[in-house]
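The same chain A turns up in both complexes below, where it pairs with chain B and then with chain C.
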Partner chain A sequence: YRLVYVGVQRSIARPILFYAHHPRGAGKRIGMATQLLSKYERDYIEEGVNQDLREDGRNCRDYRSFAVQTGVVSNTSGSARVQLENTSAVVGVKAELGAPDPTQPNSGRIEFFVDCAALASPEFEGRGGEDLGHHLAHQLAGAYSHSSTLDRGSLSIIPGQQCWVLYVDVLVLEWGGSVLDVLSLAVRAALHDTRIPRLIVTGEGEEVEVEVSDNPHDSTSLDIGRAPIIITVTKIGLNFVVDVNMKEEMCASSRLSLAINEQGQILSTSKDIGGGIPYFQLNDAIRMAQEVSREVFQKLNSTLHSQDHEGLGGNTRSTQLFS
Partner chain B sequence: METLHLVAPGDVITTDTGFMRGHGTYHSDDGKLVASVAGVVQRINRLISVRPLQSRYAGEVGDVVVGRIVEVQQKRWKVDTFSRLESVLLLSSINLPGGVLRRRSAQDELMMRTYFTEGDLISAEVQQVFSDGSLSLHTRSLKYGKLKKGCLITVPPSLVKRCKNHFHNMLCGASVIIGNNGYVWISSMEVDQEDQILLNPRDEPDTTREKDIAITREERETIARLRNCIQALVARKLTLFDTSIQYTFDASRGYEVKELLREDVMQEITEPARNID
Partner chain C sequence: MIKAGVLKNANGSAYIEFGDNKIMCGVYGPRDVHPKHMANSSTGILRCRYHMVPYSVSERKNPAPSRREIEISKVIKEALEPAVMLERFPRTAVDVFIEVLQADGGSRCAALDAASVALADAGIPMRDMVSACAAGKVADTVVLDVNNEEDQAGQADMPIGYMPNLEKVTLLQLDGIMSPKEYKECIETGIKGCKIVYEIQKKALNERYFGDDHK
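After this line comes the complex of A and B, so read on.
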């Protein structure tokens, strides 16, 4: 028999489960580990956010420190790994020859694929991470959809026939909150690390031959000056925070993911989780994301440049695999 | 100190076939004894086993644990204590509101969710260990019960030192409960005093009169600092007990709370704790 409850039960703890076979329903959270929280822990986190003093002492706009390594996968055109406390991802970029989009014959293409590894979370066992992977790939593709993000014209080889296609493969290794942010950092670092081999195009008209240079050092790099990163601002209680950990993610009522480039322009937005954001808070959230993005860009660029100078990644093609 | 024989999964421990294999080992196809976990090799006469460096919590009677209610069943709750199996908290093993001693009635069974519901954190003691290794908990003392107004962090259970007392009121003004199972609860001191569930005239738990004591900013900062100190000790793989936490806390006073997240700072503040055990 079922227990009959006396009185109205407030939902004190909301165990939020992600069922892999359910399509993304209204109010269902994508990809949360089934971590239960008690009402008191929830209140503690919310009050902390209200007082601008989070569980680990950070302020609402503080990003945790992250580590970036480039050139970690040997048989790729470019790769990177990012670790932010207990969230980490590896990205590999492979540049291959392919046909351009018929609507844009003078441009190359970039395609994203995200694989949520089963070791990242129990829900990703078997095909559990597929829906989530599609969702994340879609968001990354949205961030890079605008033509200004990459010089797609330079990726074109023979207009209408051949172009470079950049296949960006993302592997999510650990799931600890702030995943989309980490993925965007890793993608940007991998694109920075990417080298496209030089081509020799001979012939005309029907008989065009494309020769790829054999020399691994004879390559060009991509201009990622306008490539964005994604900053997610999460609403907990009354205020917004950036870079949430797992527990804080469970207390979120809504979140806004913004793809911002180094110039501070917003390239794509996406809102997640069912709660509402009052219109007068939207501007504050966007401004916070823009300010935080400046700091994160600074940190990312300085790490990438120091790695370039030390000779790690890039042309030296280090074959160390996630040590 | 004798050298430890450390192995990783797949390492050959010995090719001698005369040994019996214990936990953490297996015989490979060619008769060698291979380790299946990362840990220290232990040899007792002809039995070889590998004690893993990290494993789930294996409870013993009398241990203090911090657990999370995951399920409410007919006359008991299922509690997550980071063990291999979920632990059990029987309805007959808790303190009923008002401290009364009476038989549990059908009414109590229907009201179970008002006592503890899914997601609640409790401190409890291990009453017995069943033959399959699962634990039976009890909260039959006023110091055990639901945990409120604080924050939980999880550490590997192997780092928790076995002590006589697991409820510590730190000098800094916060209280820490170090569960043997690796769940550590940090809260402000005053809150833990009022644990008694109040009764209304109809003998039901009266949550409307729950005093809402807000945590001050100073207390919140202390809790955050303690949390970061404990994380630093865990990162250095140092044993966790009240003295090591206190030393680390004192060493951290020169830094802002959020600076304690940096690796170099974590190294520095855990230095005093390294030399004690």
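After this line comes the complex of A and C, so read on.
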């Protein structure tokens, strides 16, 4: 199987968010599991980044390789698993009938839920991962909030009454840095894998009846051509890096997550962590994110297409999650 | 199919595919207990969380833990306790986290199988493995390993957790109706199933730690 990077970006309209300090410990940041680092390790990483050499030998712009598998869980309309070194997540999409948002009667809906499972990191015991899960879900929702990202009109069944609701449920299995990016890849792959059953609508007015086609092959796929991925650029020392591992995350002074679609448009932005980003560096950060997003899209799309050609994709068959 | 050591952050982990069940288990421990008042000064404690993801069943399930999940968490914890040598680690906790990705009947047994392997993978001293399998009664016949369809239409479902070397039953539940004779037959069948599962659990650990040398 191949791995695909997924990034999710936040909506443009959202104000810049700042993380509050976690109530449990001084300086403990929501958005990352902590790891102990000595001052010397920190200096080593920062100095390295300043010279475009990261502690694992990469350049600032290098994304690690990732693997993507689609169609991994059968009770879903679409699913995907993404593994990027020691970060991994499984996403399941279930399309169910529901009522549309009263303010948008001609559209279907998409809802995100992220579960930072306690097994993903020692930090998440008890309800430790809950706030983090809500935050990540919020960011994913933000990335997909713009109407161009998905054809919500095609999800409408009876305007004002019935529509498809896509429940996108994310399970974070391993927490190892660059999580938001990975989640956005997994979500995009799962949406690519999603098949919506065909409906037969009969009757009119008060007596409209909706029947879901029994034939599992009688379904349509979603057009994810404009769905974004999220690329997070993290400021360490003087430079920005993409795809941070756990140690690098601890050295970050600030970071910027951008949701970018394949056309290169930026759909949402979010700045995290306390430090400030110098104004003159903003353009560099954005350009880096855009360039990296192109590479990542390429890798993601080629993986998904080759899986399609091999007869995979769609929940018509279920793969082994681990081979 | 069971695969050990699949999660890098957990101290021990295992993934199981049992029929159409797909379950992931991660173990952390022994580690400090938070909140402190829950720590036991003479023995470690075992905590278990069994959770089903929303897309594990045909109709989307609410992510919040249901009563069934809470009950299964308790039952699995009690099934594992006799096997783990908790008294060696006072004031600590061993946490077992189970996430069910896909459910198709007998998931608590599959979860227990994965949890045992994950505990062993974490290097936690154990007296024995716990192997589990469900037996049941469908169409007046005692059968082994009932799946979801059979459970809905059948007459009884009996999950059994068994320690194969100590020959002790650590999990036994029944849902349904049976005559005493059928009950005994069901237990016998279930234990035979548990022994088969035990071989698969051993194989998973061998593969993880001895690779291809040990066949």
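Just so we're on the same page, the second predicted complex is superposed on the first by the 288 of 323 C-alpha atoms of A that agree within 3 Å, B and C clash if a C-alpha of one lies under 4 Å from a C-alpha of the other, contacts with A are read in each partner's own complex, and residues count from 1 in each chain.
As a convention for this text, a residue touches a chain if its C-beta (ideal position, glycine included) is under 8 Å from a C-beta of that chain, and two chains touch if they have at least 3 such contacts.
Predicted model, so just to flag it, every value in this text is computed and none were measured.
Between chain B (first) and chain C (second), which, if any, makes contact with A:299: first, second, both or neither?
A:299: touches no partner chain.
Look at A:134 in the shared chain and tell me whether it touches chain B only, chain C only, both, or neither; answer first, second, both or neither.
neither
Using the superposition on chain A described above, determine whether A:53 touches chain B (first), chain C (second), both, or neither.
Touch partner of A:53: chain B, not chain C.
With the two structures laid over each other on chain A, which partner does A:39 touch: chain B (first), chain C (second), both, or neither?
It touches chain B, and chain C stays clear.
Does the superposition put A:61 against chain B (first), chain C (second), both, or neither?
neither
Touching A:73 in the superposition: chain B (first), chain C (second), both, neither?
second
May I ask you to decide whether A:92 touches chain B, chain C, both, or neither, giving the answer as first, second, both or neither?
second
Between chain B (first) and chain C (second), which does A:271 come into contact with in this model arrangement: first, second, both, or neither?
It touches nothing on chain B or chain C.
Please write out, lowest number first, the residues of chain A touched by both chain B and chain C across the two complexes.
Touching chain B in the first complex and chain C in the second, no residue of chain A appears in both lists.
Taking the touch rule as given, give the residues of chain A at its contact with chain B in the complex, in rising order.
3-6, 9, 12-15, 36-41, 43-44, 47-48, 51, 53-59, 62, 64-65
Where on chain C does chain A make contact in their complex?
Spelled out, the residues of chain C in touch with chain A are 1, 3, 6-10, 13, 15, 17, 20, 22, 24-28, 31, 34, 49, 51, 53-60, 63, 95, 97, 99, 101-103.
Given the complex with chain A, which residues does chain B contribute to the contact?
68, 70, 72, 74, 109-113, 117-121, 147-152, 214-215, 217, 220-221, 224-225, 227-228, 231, 256-258, 260-262
Going by the contact rule at the top, pick out the chain A residues touching chain C in the complex.
It is residues 72-76, 79, 86, 90, 92-94, 96, 113, 115, 117-122, 125-126, 167, 169, 171, 173-176, 318, 320-322 of chain A that touch chain C.
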